[in-house]
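Same chain, two partners: chain A is paired with chain B first, then with chain C.
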Partner chain A sequence: MSSPWIYAARRLLLAVPLLLGMSILVFGLMRLVPGDPAVVILGYKATPDGVRALREAWHLDEPLPHQYLRWLAGLLRGDFGLDFRQNEPIGRMILDRLPVTLELTLLAAAGTALIGIPLGLLGGAQRRGFADRATFAIGLVGVSIPDFWLGIMLILGLSLGAGLLPSGGFVPIAESPLENLQHLVLPALTLALSRAAVLGRLSRAAVLDVAQRGFVQFARAKGLAEHAVLFRHVLPNAAIPIVTVLGLQVGYMLGGAIVVEMIFTLPGVGRMTLDAVLERNYPVVQSTVLVIGAMFMLVNLATDILYGVIDPRVRRR
Partner chain B sequence: MSDHDPHNVPFADPIDGRSGLTRRAWLARAAGAGVGLAGHGPLTAFAQGAPRRGGTLRVATVDKPVNMDPGYAQLYSSLQIYQNVYNKLAYVDEAGQFIPGLARSWKQENEKTWLFDLVDNAVFHNGEPFTAQDVVFTFTRLLDAKNKLPMRIFFSPVEGVEAVGSHQVRFHLARPFGPLLAMLTQATEIVNEKALKEKDPKLFPIGTGPYRFVEWVKDDHVTLERWDKYFRPGRPYLDRIIFSAPADDTVRLTGLQTGRFNWIQTVPPQRILELERGRDPKASPGRPYLPFFLMLNASKPPFNDRRLRQAIAWTLDRAEIVKLVYFGSHVPTAEPTPEPSPWATGVNVHKGGPDLARARQLLSDAGAGGGLTLTYLVKSQVPVLVKTGEILREQLKKVGITLEVQPLESGQYFEALVGKKFDIAGAWWSVTVDPDMFYSPLQHSASPWNFSGFKSEEADKRIDAFRFTPSPVTRKKMYPDLVRWFQEEGSLIVFSNEIQRYWMKPNVHGSVPLSSLELRFEDSWIA
Partner chain C sequence: MTRAWVPLVGLAIVGVLALAALLAPSLPLGSPTDISKDLALRGPTAAEPFGRDDLGRSVLSRVIHAYRISLGVAVTAALLAVLIGGPLGLVAGYAEGLPDQLIMRPLDVLMAFPAVLLAIALMSVFGTGAVLLASALAVVYTPVMARVVRAAVLATKVEVYVDGARALGATVPRLVLTHILPNAATPMLVQTSVLMAIGILIEAALSFLGVGVRPPTPSLGLMLADGRGFMLQAPWMVIFPGLAVMLAVLGFNMLADGLRDWLDPHQGAGR
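So, the complex of A and B:
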């Protein structure tokens, strides 16, 4: 087995205790949050008998360690349990919604990279010049604008005003790839803009750092054109911090697209998790957090492996 | 209250003497504007031209559905959808009168039995013909304690339902039951035993209604399609209805403006005046069908003292709350069923209020002249009720009462409410086709929904008398006195009623608010 595979296997093994710790944490935290799921689900129909019956049906009357072990045993069998509200298998609920969140995340990540990296390059290449100041200003505005406001502004401008794109909803890619894309452009843009601002700032710093190194000075001294210096020598060497941040952003977007999913009425995992938190739908929150956590780890692993692809020195180490 | 979220349904002006517009004047003005409040006929008052068949109604409601089984009636957002899939025996029309559904006609044979003649041409969406056995099955399922269906409690006076013929049923009551018809219009969608066994009714509703269930993409939309074997000839008009539930008011309105939706349930109240000036979108008539009130916790001091409850009632300035919080999307009222409800009484024992001198005197008589510190419990997800608490805080300050507003999110709110850990709570209640549906659950000492903990033998006697009087005429005569008594003695202070009003594209017709709060789309059409 070659070293990257050993490395990946080791990382995956390390993920097991991490996931176990996460499961204990999310299980414990949900129990600390005030509010009885039976009372919340029954709402105004919460009679003492009704609450008692639901608590029994959901095993909430058992000691906490029993509840945890029951859930964990289910997980090991690949059974996430049943949703408190609709009695649906949670595994299926997650599978139904995951493609929406994944697609949104991938599009937003592509948008983040396409906007953020050129911004950073431009700023880094012309330090203290007009482009740098403009990049800085754009970055500052991008970081400061909250997603919910930006989303509504994009709807008002591009959907209501210009009539270019739908204001919300979702069409599965299998049904119509074009409509699917049209429905995801605005949400992906909303997610991408603020993250691109962060990536732009970081890319600028990375580019500036590499641009001052000797081999770059040497390339310039050789008489290489500026764009060749930038793309052939600076960018590959500045790529590692850029990829790191992009990987983290993808991880955050997997679980953090809640606001965007709400504004654009996308049936994704984020929206489901938020509803479950508000309803104290314990098994749904626990399962989605665990799945999102696992995906975050996978993205981090992929990022680490990508380092080796970008920089052969990392592989050798 | 109920699980229906009180969205801020719009109307321009508060209806109050001091705003220069009386309730009567408002009604007259609304009628003048083509609102047709007095219409007793079918839903034609608001429609224009001849109904046209076809088209898709893309509906945006406030909240997403969770359970399509009518036995649970879980969340208003679920009812809004499945009420188009199922039929009930009877309905209420725009004027609050009972009209036939699956029951063609009915008669009260004696104080304890009712005979219902059923339509013989209705077919369930699974192909099963509708018969009396389906009605028997529906009520047997509902009344069987083993099934633990929450709607059972509303039908406690019903002993059983018997099939007399293939299309005739007889209801047997344990005692005379005044609101029987109202109950039938509220929560008795007729189900089919075979359909229930074939598919989980929580996920796949199968009824005889105007639209059949097609798909439910969770957190996204529910699609219904016209049922071609619907028993009312020519109905429904629409080919398809797609229900979505964007969580945000602005997103919903933008969706209507961009054409993503052509019918939405509410708009942000602050946008009402501006929207009224335009042609697109247009608004349905507005009807005050959702009472908002304060619950005073009478299970413990200080509000186990009637004088202190009255002190709050005399301090309350309803008009100010409606003006500052609801932008005129509510009407100030002291009763749960104001005009145009057929149950409107106009009774307000606190007329002329606020009367701060009187409130101070009551506080002093109750030994609280030195002031009181109270908590106001409210769900944080309902910002209008939080703002109501803030205005109330300022109003109560004038008589030396300090009010701490406690916005809690759902989980904590329900725990505090059920555990009676509050002094005052802001609430609403969506079941007012018959006022018994307001007073029985909320003020009867035996009711599990008596969250304010009000217990009074006299109250129970009065509620029971109203409930178990079979004659509608006698009940109507009894009702003003019931309202008066509860305003003086009870633990609820009704302060406003939310005006239900829907917004749609100019080519959408035949949609009016009903006191049952149903979104009944069988008469809707697109020009």
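So, the complex of A and C:
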């Protein structure tokens, strides 16, 4: 039980039924769409021939469990089926858009850590001081700002107003790393700011919590310099909750990315999902919702495992 | 308790907004729907502090009317989650074993999706509108509430006073209702407040994206979506509805935050 590897393996095994459950939910949900799925999928372009072809390709005449198993078997081979509107494999469409979403999320996570953790340390180091009060207020206001509104305000101020950064669009990193970054700064900042406020607040609480423990008081009592107390004793222990919260936030960013990609017209998986929802393109919705959901679940799982690896006490539960 | 004012301010914000929303039709405001082309895109004035939108409608009046939907959806969704998730968590926590597995494992699946994504997926299947949005949010919230209640029940039922009551011959309903459930009330109350804050954010986001409330209804998210097209000519069309969302969310967050410290002194140590 004590080995971190056994702990990690057990958590990974538990993820398998969860992923299966998620696929059943998504599949079932999309079959609840009222009307003939073939007609709904084809939309206004539906012709009798088209409907027949799609019924055959998606095996819509078979019983639901067969359809589900066929879809699942395809997924396991990496085959998400064909998007009937664009006539393109859905798997390739997702793969094309995934790097955008991942880059956005990683940049936003870096921003969250770089803004949030120093904010929390500043607040926690000086209890009841000005920085402490400011961290508290920023944390409370930060959680309450709607992402999409913050994005609009950043566009209004920094790109339309000051003309500093582009207000939307995307340039692949292979084409021009600088322009790629310029296009992602505002979206990443939009995702990062409110999460940084939350992380700052939690880091503050974590630092304050560790600072009152006995071993910290002992370190101080034996004459250790204040910076040594902070870096050698307080931070390593406070890091556990901070890393956990950061991990959970990376997961939430995947949800937030849907809105942010739409505002900044980034060609990511989130926007692909939303476009498909608005077009009632259910085969695509089914695939992207499952992919984003699975990523969210896996990020949370990774956080969980990391937590157990850092802190042996967790593994015993 | 140095920050005892926090929940009070939160309560005041929520109270004032709720009152304004309830009384919106009888307040001395312009009509939220009357179109007048002559007044289109007029900036803020003393009489119209939030300015007018592209169709000459009063932004202030629309914001206050939009709170009816915003708060209505958030409150309905949170209450539905309490009504559905509460009993589920109670049974799961009290019974443990098989019933616990049967209840919690499917709820885990719902929780494995990001809230916004699940809400969007539900809305894409069932259509748009305030009632459907509140129901979709209730589905998203139910597992959260069930977990909170289950955790409280699991922690409480091993207390000595529960054993004592059982030894004195208390029936299961009596045990649960008078000895165990009151201990779940605090975390439920805090969670309800948090869920209302998130509900306002998600309602605005989904309406903004076009998968929430339908257009004739005044909604803060829809106002932001409309205002985006006029950002430079009429920034007040995007500034005020956004601030309105933030104020309501802030109110519920302050309420939740203060309640947590107030009702649970153990956790307040580091705050």
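We take it that the second predicted complex is superposed on the first by the 244 of 317 C-alpha atoms of A that agree within 3 Å, B and C clash if a C-alpha of one lies under 4 Å from a C-alpha of the other, contacts with A are read in each partner's own complex, and residues count from 1 in each chain.
FYI, a residue touches a chain if its C-beta (ideal position, glycine included) is under 8 Å from a C-beta of that chain, and two chains touch if they have at least 3 such contacts.
Given the structure is predicted, the values throughout are model-derived calculations rather than measurements.
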item: Partner chain in contact with A:Ala57 - chain B first, chain C second, else both or neither; value: neither
item: Partner chain(s) touched by A:Leu140 [first = chain B, second = chain C, both, neither]; value: second
item: Touching partner for A:Met262 - first (chain B), second (chain C), both, neither; value: both
item: First, second, both or neither for A:Arg280, with chain B first and chain C second; value: both
item: Touching partner for A:Val33 - first (chain B), second (chain C), both, neither; value: both
item: Touching partner for A:Val309 - first (chain B), second (chain C), both, neither; value: neither
item: Partner chain(s) touched by A:Asp209 [first = chain B, second = chain C, both, neither]; value: second
item: Touched partner set for A:Leu160, first chain B, second chain C, both or neither; value: both
item: Touching partner for A:Phe296 - first (chain B), second (chain C), both, neither; value: second
item: Touching both chain B and chain C, residues of chain A; value: 33, 152, 155-156, 160, 262, 278, 280
item: Chain A residues within the chain C interface of the complex; value: 17-18, 21-22, 24-26, 29-30, 32-33, 128, 136, 140-141, 143-149, 152-153, 155-156, 160, 205-206, 208-209, 212, 251-252, 254-256, 258-259, 262, 273-274, 277-278, 280, 282, 285, 289, 292-293, 296-297, 300
item: For the chain B and chain A complex, residues of the former touching the latter; value: 1-3, 66-67, 75, 148, 150, 202-203, 217-221, 244-248, 250-251, 254-255, 257-258, 260, 381, 409-412, 414-415, 418, 448-449, 451
item: Contact set on chain C toward chain A in their complex; value: 2-3, 6, 105-106, 108-110, 112-118, 120-126, 197, 201, 204-205, 208-211, 224, 228, 231-232, 235, 238-239, 241-242, 245-246, 249-250, 253-254, 257, 269-271
item: Parts of chain A lying in touch with chain B, wherever the complex brings them together; value: 33-37, 39-40, 42-48, 50-51, 53, 85-88, 93, 96-97, 152, 155-156, 159-160, 163, 166-170, 262-268, 271-272, 275, 278-280
